[in-house]
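Heads up, there are several structures right after this.
Shared chain: chain A. Partners: chain B in the first complex, chain C in the second.
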Partner chain A sequence: MLQDWRFWFLAPMVLALGIVVLFPSGYLVWMSVTHWIVTDPSVYFDGVQNFATLFRSASFASAVQVTALYLVLSTILMLILAFGLALALSGPNSPGFIRAIVVMPLVIPPVVAGFTWRFLMNGEMGFLGAFVLPNVGITTNMLANPTGALISIVIADVWSRTPFMFLIFLAALQAIPRDHYEAIRLDGASALQEFWLVTLPMMRSAVVIALLFRVIDALNTFELIYVMTKGGPGRSTQTLSLLGWKTAFQGFDFGGAAALGVVMLVVTTVCASIVYRRFLRMPS
Partner chain B sequence: MSHSGPAGQNPFARLGRLAFLGATLVFVLLPIAWLALGSLKTRNEALALPPKLIFTPDFSAYQKIVAQGFLGAFGNSLTIALSNVVLTLLLGTPAAYALTRIRGKVQDNLSFWVLSIRMAPLFAVILPLYVLFKSIGLLDTRFAVSLAHLTITLPLAVWMLMTYFRSVPEDLDQAAMLDGATHLQILLLVIVPIARPMLASVAIVVFILSWNEFLLAFILTSRGSQTVPVAVASLAGTMSFDWPLIAAVSVCSMIPALLFVGFAQRHIVSGLASGAVK
Partner chain C sequence: MVAIRITGVTKSFGEVPVLRGIDLEIGHSEFVVFVGPSGCGKSTLLRVIAGLEQATSGDIHFDDRRITDVAPAKRGVAMVFQSYALYPHMTVAENMTMSLRLAGVPKPERRRRAEEVAKMLQLTPLLDRKPAALSGGQRQRVAIGRAIVRQPDVFLFDEPLSNLDAALRVETRVGITKLHRTLGNTMIYVTHDQVEAMTMADRIVILDQGRVAQVGTPLELYRRPANAFVAGFLGSPKMNFIKADEISRSGSSIRLKLASGSDIEVNAAATDKVALFGIRPEHLTVANEGPIAGTVAAVEHLGSETLIYVETSADTLIVKAGENATTQPGDRVNLRPEPNAIHLFAADGRSVAGAPNH
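Now for the complex of A and B:
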């Protein structure tokens, strides 16, 4: 093995990822079975106590609920918008500059996106929250109201993350061979039939991949929510990653936060292995 | 006519398509325009409703970036992103090349490992990294942040480069071997020159990801090596709500990304989606 050049080419990367990922995630597992509260000098092995506390806590239950709600709402909106955009912009004559504008939010820092939306939605001085919405009859202060805050976050997230899904769909649409359409057109199919019988079936795997990426992405969303609401009002926008941050850096319970990290790690690893085994395995 | 069929055939469909695109463009551009305009207004103008659309641009918010010491954050972000690009390419290029020249189980398992890291929740590494960096005194250093950013950038870079190297015919390697080249020479003198455009776009994607990253930079730094996104977030949390200043810092934070996207859009686009699109 040591004679093989490939070993030496791979070793530095494996070592680096070992330091910044593998070792930390192993350490995380150890932390998760440890009673480790920063303000308490005694650190000791505590079995599955952290997990038991976590699963019993009301804040975990509410975080799961908020995360699921946010995930479902934002994903449905993104799917519709991204699919529509991909259909509208996949033609050879669609102007490139529109595509460039649509993709722009992808390279804008999520912190900036979140903050701008927070300002737009603000009930006292925001263009949308204090001017447009009241003029169409909506007078609730969006960010101060539990439902409104969640909706605001979903909107900002859709703004920021739809381009990624759009790109996946666009690539998939453009890969559908033209003769599929020509064949069905000769049979006298309508535009709607074309969509149902050719476009949708050919897009199936792209949609599944996009959805799995979306789940992982949504579990990771942090800064957008952090700058918009910090998880509030109350717990109404406190997702799992916000809860983890609060547990560790405001509650100083490193053991409890690590237990939550382990739970999230397991969920995403399962998702990742589904994506990989079914869709991305490279031909060898 | 659109080859995807439904759109553009009858006038109603065409009108619907235009309305949909128009609405989307308004949705996408509104926040960006709001930021750009806000950064050029005075504090009172920026908060005025209905918004003032005609006003004399005021550059004092941009002057404040310098006066209030935000250049330091830009320096930090630049140092961190650039060193991250160098580290990522140095570690990722040989690894990706070797991965495309291995067959079977090793290749399969390693590629899966790399991909699963790309998808792992950052939250799983943050807490241990925080403890680790704290114990060796690296907390609040630019080095720690650029090292931590490898968790995001290295797997993505390896994945992008693997897709590319797979398309480089192995005959090229063979020919160079017959000429007596070592594998390192093949990589540096044959593969890297061919892959230059791809390496450039990987570098750009990695730069943008590292430049925009918030969570790791937020947890691992306090004052000394704060990055731009962290500075924006801390400005946003202050009591004196200086919207023009926040907008000006935000506009400046988007410059590198927008510059790069303008000039290598296609590559970046496929790069960011790589791992998602075969």
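Now for the complex of A and C:
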């Protein structure tokens, strides 16, 4: 094996992956079955106690609900927006600078985006929160109101992450051969039928890949929410990743946070593999 | 089965003219091949007829019906694309009957039609497969099947054989010709391959830089090309051209000085001043004496024939000889053109005297 040159090409990568992925994952699992609270000097194996506590806690139930709501709302909005923008801007004559503008939020770090949106939504001096919204009859202070805060976060997230989905869709749209559209036009299809019978089916794998990225991305969203609301008011925008951070670094319950981490890992992996198996693997 | 009349059709993409005034009549049930080098406008003309491109000016009639502004689907045309354009997410049967589905034909009837056409093209066992599971030749037949299912008045083929290997191309070529005999539809076929044009067409339309260079039956075009472009385009290997100067003329005989250095007497009644002398490789023979002298540069034995490349002082000429040619590279040879097969062209490329007796 050591004589095979391929081994030496693979080895550094496997080693790096082991250090940054496999080891921490294993450590996480070990932590999740350990009673480990920073303020408590005794650290011991605790079986599934951390999981039991987690599943019984009200904050976990609410975090699942908030995460699901946030995931579904933002994903639907993003899909519609990204698809619409990609359709509108996929033509050969659509100006490049508009595409550039659409993609721009992608290069703004989530922390900066979060601060910007917090200022925009601010009820006393924000452009949106203090001027635009009151003028259209919305006088609620968005970030101070549970529903308003969640909506604000969804808006900020959609603004910041739609460009990525847009890029995937744009590439997929432009990869559909012109012949297919011409063939179906000759067959007598209307514009709507063209979209339904050619565009949509041929975009399927792009949509699935975009959804896969989106689900993983949404479950991991942290900075944006942290900066905008820190999970509040109350628990109204406290997603699973926020809850994990709070458990670990405010409650100092490393074992409990690790258990939550394991749950998220399992959920993400299961979701991803369902999507992968169901939609992406080539039929044999 | 319609006749097609194209009058004064032009097409520009922005500032770039692609078709510069096409006038053409295609008869009922005729098999017409558009041929020309890439960029000559043949595909654009086909797409204008299909309605996939709008002509900049001019008119197209199918029989007496003006279809210039009619939507592609309402023209009664079906097209076979070079890429086949099969929908990858649909089965062969669904691909073939898409037009019927869009026209609201019920499913059992669609299936029946698909099976009928599949039988004709030996596609029956493949009806429920997806295009990805088919070979290139099978996909090609599905694309043709899709066109047949529509029962169009006019079939349009846009270089349908260019993605097939050589053997399959010959086989499919014969298949399409047979199909034309069976169905009797008007068919227009675009290709850059002059062999396809020669073998399939009732009439060939040769296009050059957006204009019709010549229209005629394959043999007419081969024997009496209207200009040097047509003469050079049809025939393989292509016609040899030698620059020529007229020295004298007497009655039906012209004396020419060829650029390769020697004089030649040609029996022809040229209508204009001759500037170019053309002779096909099969009408040149290696002889002890002849007006053209040169050195053999290369010899290609193709089995049934031999191609001899002869370097003269001006050009390299190709001679098509029999299978037993013994000429070797480096030999000094003389070439003799067959007197009845000489083509003469004016400075602008027009034919001024064709090979009348050939």
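One rule holds in what follows: the second predicted complex is superposed on the first by the 270 of 284 C-alpha atoms of A that agree within 3 Å, B and C clash if a C-alpha of one lies under 4 Å from a C-alpha of the other, contacts with A are read in each partner's own complex, and residues count from 1 in each chain.
Convention: a residue touches a chain if its C-beta (ideal position, glycine included) is under 8 Å from a C-beta of that chain, and two chains touch if they have at least 3 such contacts.
Everything numeric here is computed off the predicted structure, so don't read it as measured data.
Q: Just from the overlay, do chain B and chain C fit on chain A, or is there a clash?
A: Fit.
Q: Quick check for you: in the superposed arrangement, does A:D179 touch first (chain B), second (chain C), both or neither?
A: second
Q: Would you sort A:V207 into first (chain B), second (chain C), both or neither based on which partner it touches?
A: After superposition on chain A, A:V207 lies in contact with neither partner.
Q: More residues of chain A in touch with chain C or with chain B?
A: Result: the larger residue contact count on chain A belongs to B.
Q: Which holds for A:L77: it touches chain B only (first), chain C only (second), both, or neither?
A: So A:L77 meets neither chain B nor chain C here.
Q: After the superposition on A, what does A:L10 contact: first (chain B), second (chain C), both or neither?
A: So A:L10 only meets chain B here.
Q: With both complexes overlaid on chain A, does A:L167 touch chain B (first), chain C (second), both or neither?
A: Only chain B; A:L167 stays clear of chain C.
Q: Does chain B (first) or chain C (second) touch A:P110, or do both, or does neither?
A: In the superposition, A:P110 contacts chain B only.
Q: Return first, second, both or neither, reflecting whether A:V198 touches chain B, chain C, both chains, or no partner chain.
A: Both: A:V198 reaches chain B and chain C.
Q: Give me, in Å and rounded to a whole number, the least C-alpha distance separating chain B from chain C in the superposition.
A: Here the least C-alpha separation of chain B and chain C stands at 12 Å.
Q: Residues on chain A in contact with chain B in one complex and with chain C in the other?
A: 198
Q: Report the residues of chain A in contact with chain C in the complex, numbered from low to high.
A: 177, 179-180, 182-189, 193, 197-198, 201-202, 204
Q: Spell out the part of chain C that touches chain A in their complex, as residue ranges.
A: Its residues touching chain A are 50-52, 72-74, 77-79, 81-85, 87-89, 98-99, 102-103, 146, 150.
Q: If you look only at chain B, which of its residues touch chain A in the complex?
A: Contacts found on chain B: 1-9, 13, 17, 20-21, 24-25, 27-32, 34-35, 38, 47, 49-51, 87, 90-92, 94-95, 97-99, 101-104, 107-108, 110-125, 127-129, 131-132, 147-148, 150-151, 154-155, 158, 162, 166, 182-184, 187, 208, 211-212, 214-215, 218-219, 228-230, 232-233, 236, 243, 246-247, 250, 253-254, 257-258, 260-261, 265, 268-270, 272-273, 275-278.
Q: Could you pull out which chain A residues touch chain B in their complex?
A: Residues 5-6, 9-10, 12-14, 16-17, 19-21, 23-25, 27-28, 31, 81, 84-85, 87-94, 98, 100-113, 115-120, 125, 127, 130-131, 159, 164, 167-168, 171-173, 176, 178, 181, 191-192, 194-195, 198-199, 206, 209-210, 213, 216, 219-220, 222-223, 226-227, 241, 244-245, 248-249, 254, 257-258, 260-262, 264-265, 268-269, 271-273, 275-276, 279-282, 284 of chain A touch chain B in their complex.
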